[in-house]
Amino acid sequence: MTVFLLLPSLLFLLVVFVGPLFRYAWLSFHADSVMTGLIAIPNGGANWLRLVQDQRYWQDLGQTLRFAGVSVGLELFLALIIALLLDQRWRGRDLVRTLALIPWALPTTVMALGWRWIFNTPYGPIDYFTNLVGIGSLNILGDPNLTWMATVWADVWKTTPFAALILLAGLQTIPVDLYEAVRLEGGNPLICLRRITLPLLRPYILLALLFRLAQAFGVFDLIQVLTGGGPASSTESVALYAYWNALRFLDFGYSSTIIMASFLLISVICLIAWIGLQILIPTHSKSRGVIKS
Amino acid sequence: MTLQIQNLGRSVGQHWIVRHLNLHVEDGECVALVGPSGCGKSSTLRLIAGLDPVSEGEIILNEANVTHSSAAKRAVGMVFQSYALLPHLSVFANLELGLRVRGVRPFDRQQRIQAMLELVQLQDRANVLPAELSGGQRQRVALARALLRDPDVYLLDEPMSNLDAQLREELRPELRRLVLDRQKPVIHVTHDQHEAMAIADRIAVLHSGKIQQVATPEDLYHHPETLFIAKFIGRPQINCLRPKNGVICAVRPESLFFAKEGLPCKITAREWLGSSQLLYLDSPEGFLRLSCSTAVDIPEAPHVSWDVSDEHHFALESGHRLP
Amino acid sequence: MNRRFLIALLLLWSLGPLLWQVYTSFCSDQALIQPFVSNDHRWTLIHYQNVLNANPPFWRYLINSLIVGATSTFLCLVLALPAAYALNRIPRQLSVLTRLALVGAALFPYVLLFLALLELARALNLGNQLLALSLPYAALSQPLAILLLNSAFNDLPPELEDAAKLEGLSLFQRFRWILIPLISPATASTAILVFLFSWNEYPIALTWISDSNKLTLPVAMARIAGSSIYSVPYGAYAAATVLGSIPLVLLVLIFQKPIVSGLTSGAVKG
C-alpha cells in the first residue's frame, strides 16, 4: 500500500535524475550530431579521446574550478561573519536577515544585467570609484584577467545569504553554556571560535560547502548573461561549453561527454572537499580540555 | 460480547515482543494488564486494537475472528496514554470526526455529542481547543471519544498516568462508572499495581512479553504463581529470605511480628505512615521489612517471627511457586 | 559601535546593487552617460514606458512565471506529500538509503540535466508549453520537498494517527483531516521554496520555450540582455530589472518566516 504512495514521486525522480545519467553515459560513446544526421552512431571512446585533447575544455575546466574555488571560499568566509552577526538578538535583526536574503531570492539573470551596468566602463559606479581612488579605468568586463573576478563577485553576492542562513541554523543549535564555561576558564573569543563554534558547526559548513561547490561548478545562468563566456572565452564555464555544443553546434554526443565528465569530476571534488574539511576542522581534539596552554 | 485472545504473539525480526498470550475477558469485566516498563503491555493493547500486525495466535471479539481485520473495522474503543486529541480541532470537532466519517447525520451527531459531553461533564467546554484543557479534562474528552464509538471492547492504555495522585483517586470511581456500566469487556493497562487492584475484577501480570498469571487481586496477592508476581504485587514489597537448597522463602511484611523467639534483628529505620508503620530490619536472613500498626510496642532486643502458613516457596531457578 | 557598522555594511552590500538599478531606471539616457553630473534633464519614466509597452509587454513574462510557479508548486506537493509520509513506513535501512540519495539529489547541480531533459521534451512534444515546464520543476524540487515534509511528519506524535485509525478514518481521510492540517507550516515553507525555485529557474526554461509570448521572466531578461553587448539600452534594462525584482522582494518580505524556517530545518536535517 505504501508503495503506491511512493511510486509517482519515485517515477519522477528516476526519470529526471537517474535516467539522464544513464543516457549521458550511453550517448558519450556515440557520435550524434549534424554530421550523423542527428542519429546516434556508436563510435567507441572517440568522444572521450577528443575531450582529453580539447584545449578549450581544459581551459574552461580550469576557469570553472577557479571560479568555484574562489567563489565558495569567499562565500563561506563572509557567510560565517554574517551568521555570527545575525546569531545574536538585537532590534531589527529579523528585518535585516530578511533584507540580506533578497539577493538570493532574485533570479540570476535579472541581476546579471544590473551587474553588467555596474561594472561597465566608463559609465558604471565601479569605474567612477576606481578613478576616484586613483587606480584609473579598469576595463573589468573587457579585460580577460579581470572579468572572472566580476563573475565571482556577482556570484558571492547572490549566494552568500543562503550559506549564511545554513550556518546560522547551525549556530543556533550550539548551547550558550559552552561559551560561558570557556569564558569562565579564561578563554577569549578566538579560542571559542576554534574549539567550540567551528567543530560544532562543521556539519553545517560541510553542507553549505558541498552544496555550493556542486552548484558553482555547474554555473551557467550568470556566465551566459553577464559575460557570454567572454571576453575571449575567459569566463566560459564547463556547463556553458556543454550547452553550446548541444544547442549551437548541435553535437549531442560530445556535449554528453562533457556533461558526464563534469558529473564525475564534481563527485570527486565533493569527496575531496569532505575529506579536506574533516582534516581542517577536527572534532576530536587530542589535547586535554578546550584551552591549550 | 466477549474478548478472547489465544496464543497471541508478535515478533519483530527474531525478537518476540509478546508471546503465548491467553486471556478471556467477559462483558462488563475489567481486566488490568500490569507489569514493569517494557514488558509488552502497550504492545498487547495495540495488537488487540489492530494497530500492529499479529505474528501468531487469534483474537476473537464477539465470536468473530478479527485477528487480521483492520483497526477501523474492529469496533475497538481506546484511550491513549497521551489522550491523542487532535490539537487543531475543538473538543466538539474532535468528538465529531469519527461520527462524521462513519456517516452519522449532522443532527444525530449534534445530539449524541451533546449527550456525551453532559455525561462527562464538559458541556461548557465544547468549543475549546485541547491545549486549553486540564489533564483531567483531556482524559474525559478522550474517554468520551471512545464511548461515542460504542465499541465492543474498551482498551485503556495507562489513562491515569499523566494525572497527579489526588486526581487519580477522584477519577477512579468515575472511570468505573462510565466505562464499566456499558457492559463490555475492558482491558486497563497500568504500571501502578495499586490502581490495578482497586479497579480490576481480574489482573493479568505481564513479564518479558508473557502472561505469568491471571487472577483476582486477592488470589494474586495470597497465591502468587511466581516470585516476580510476589515481589511486584503488594506494597511494601514482600521479604525474600536467603535461598536454601534451591528454594526461596518469601514472607509478606504484615505477616511478620515480634516474638520472644525467632530471628534476632536490629531496627535500621522506621517509617510512620499514619495508621501503620513500616520497620526496616537487619537480620541474619537478610534485610527485612515489617509492617504493623502504630500501637505495637517495639521490644528492646527484637526477635522477629512468622507463621509457617504465611510462607511462600519459590524455586530458585525458575521462580515458579512450589506447593 | 562595531556591530552597527557591520550591519550597515551588510545592508549596503546586499541592497546596494539593486538600489543602483532603481536609481538607473529613473535616469534619462543623458544622465546615464554623465552619471555624477547634476542635470536638469535627469529624471524620466521613459524606460518604464518602453519596457511596459514592448512587444510582448513586460507583465506577460510575470504572468508566465506565475503560471509555471503555481503549477509546479502544486504538482510538487501532490507528489511529495504522500512520498514523505510513506518514507517513514518502509524498512529502516531502505529509508536511510533513500534519504541519503535524496540529499545527494538535492545537492546535484541540475543544470547538467538540461540535455537529457531537452531530449525528453522533444520526444514527448512538450516544447513551448508553460504547463509542461511544471513537470521537470516538480521533479527537481522533489528531493528538498520530500526531506522537509518527511521531517515534519516525523515530528507528529504517532498516537494521533493511531487514534484516527481506530475512529475508522481511511488513509485519505487521515491525510485530509489530520496529517496535512498539522504540518501546514512545513508545507507553506516547502511551497514557497519550490515556487522561488521555479520562478528563478533558467536553463530548462531556456531550452524548452522559445516562443517569445511564453517566456518566463529569467529567460526574457536574458534575451533582452543578449541582443547586443555594445550600445545597450541600460536604462531599459534597469527598469526591467526593477520590475522583475519587485514581485520577488515582496514575496520575500511577506513570506520571510516560512522561507527562513524552511531553509533552517532543511539545514538541520541535511
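Letters A, B and C mark the chains in the order given here, with residues in each chain numbered from 1 onward.
Rule of thumb we're sticking to: a contact is a pair of C-beta atoms (placed from the backbone, for glycine too) under 8 Å apart; a residue touches a chain by one contact, two chains touch by 3 or more.
Everything quoted here is computed from the prediction, not taken from an experiment.
Closest to the middle of the protein, by Cα centroid, lies chain C.
Between A-C and B-C, more contacting C-beta pairs join the chains of A-C. For the pair chain A and chain B, the distance between C-alpha centroids works out to 60 Å. With centres set at the average Cα position, the gap from chain A to chain C is 18 Å. With centres defined as mean CA coordinates, chain C is found 55 Å away from chain B.
For chain C, no residue reaches two or more other chains under the stated contact definition. Within chain A, contacts with two or more other chains are made by no residue at all.
Considering their complex, residues 1-3, 5-6, 8-10, 12-13, 15-17, 19-20, 23-24, 81-82, 85, 90, 94, 96-103, 105-118, 120, 123, 125, 128, 157, 161-162, 165-166, 168-170, 172-173, 204, 207-208, 210-211, 214-215, 217-221, 224-225, 228, 239, 242-243, 246-247, 252, 255-256, 259, 262-263, 266, 270 of chain A touch chain C.
Interface residues of chain C facing chain B in the complex, by the touch rule stated above, are 157, 159-160, 162-170, 173, 177-178, 181-182. By the touch criterion stated above, chain B contacts chain C in their complex at residues 46, 49-51, 70-72, 76-78, 80-82, 84, 86-88, 97-98, 101-102, 145, 149. Interface of chain C with chain A (complex): residues 3, 6-7, 10-11, 13-15, 17-18, 20-21, 24, 32-33, 35-36, 79-80, 82-83, 85-87, 89-90, 105-120, 135-136, 138-140, 142-143, 146, 171, 196, 199-200, 202-203, 207, 217-219, 221-222, 224-226, 229, 232, 234, 237-238, 240-241, 244-245, 248-249, 251-253, 256, 259-260, 263-265, 267-268, 270.
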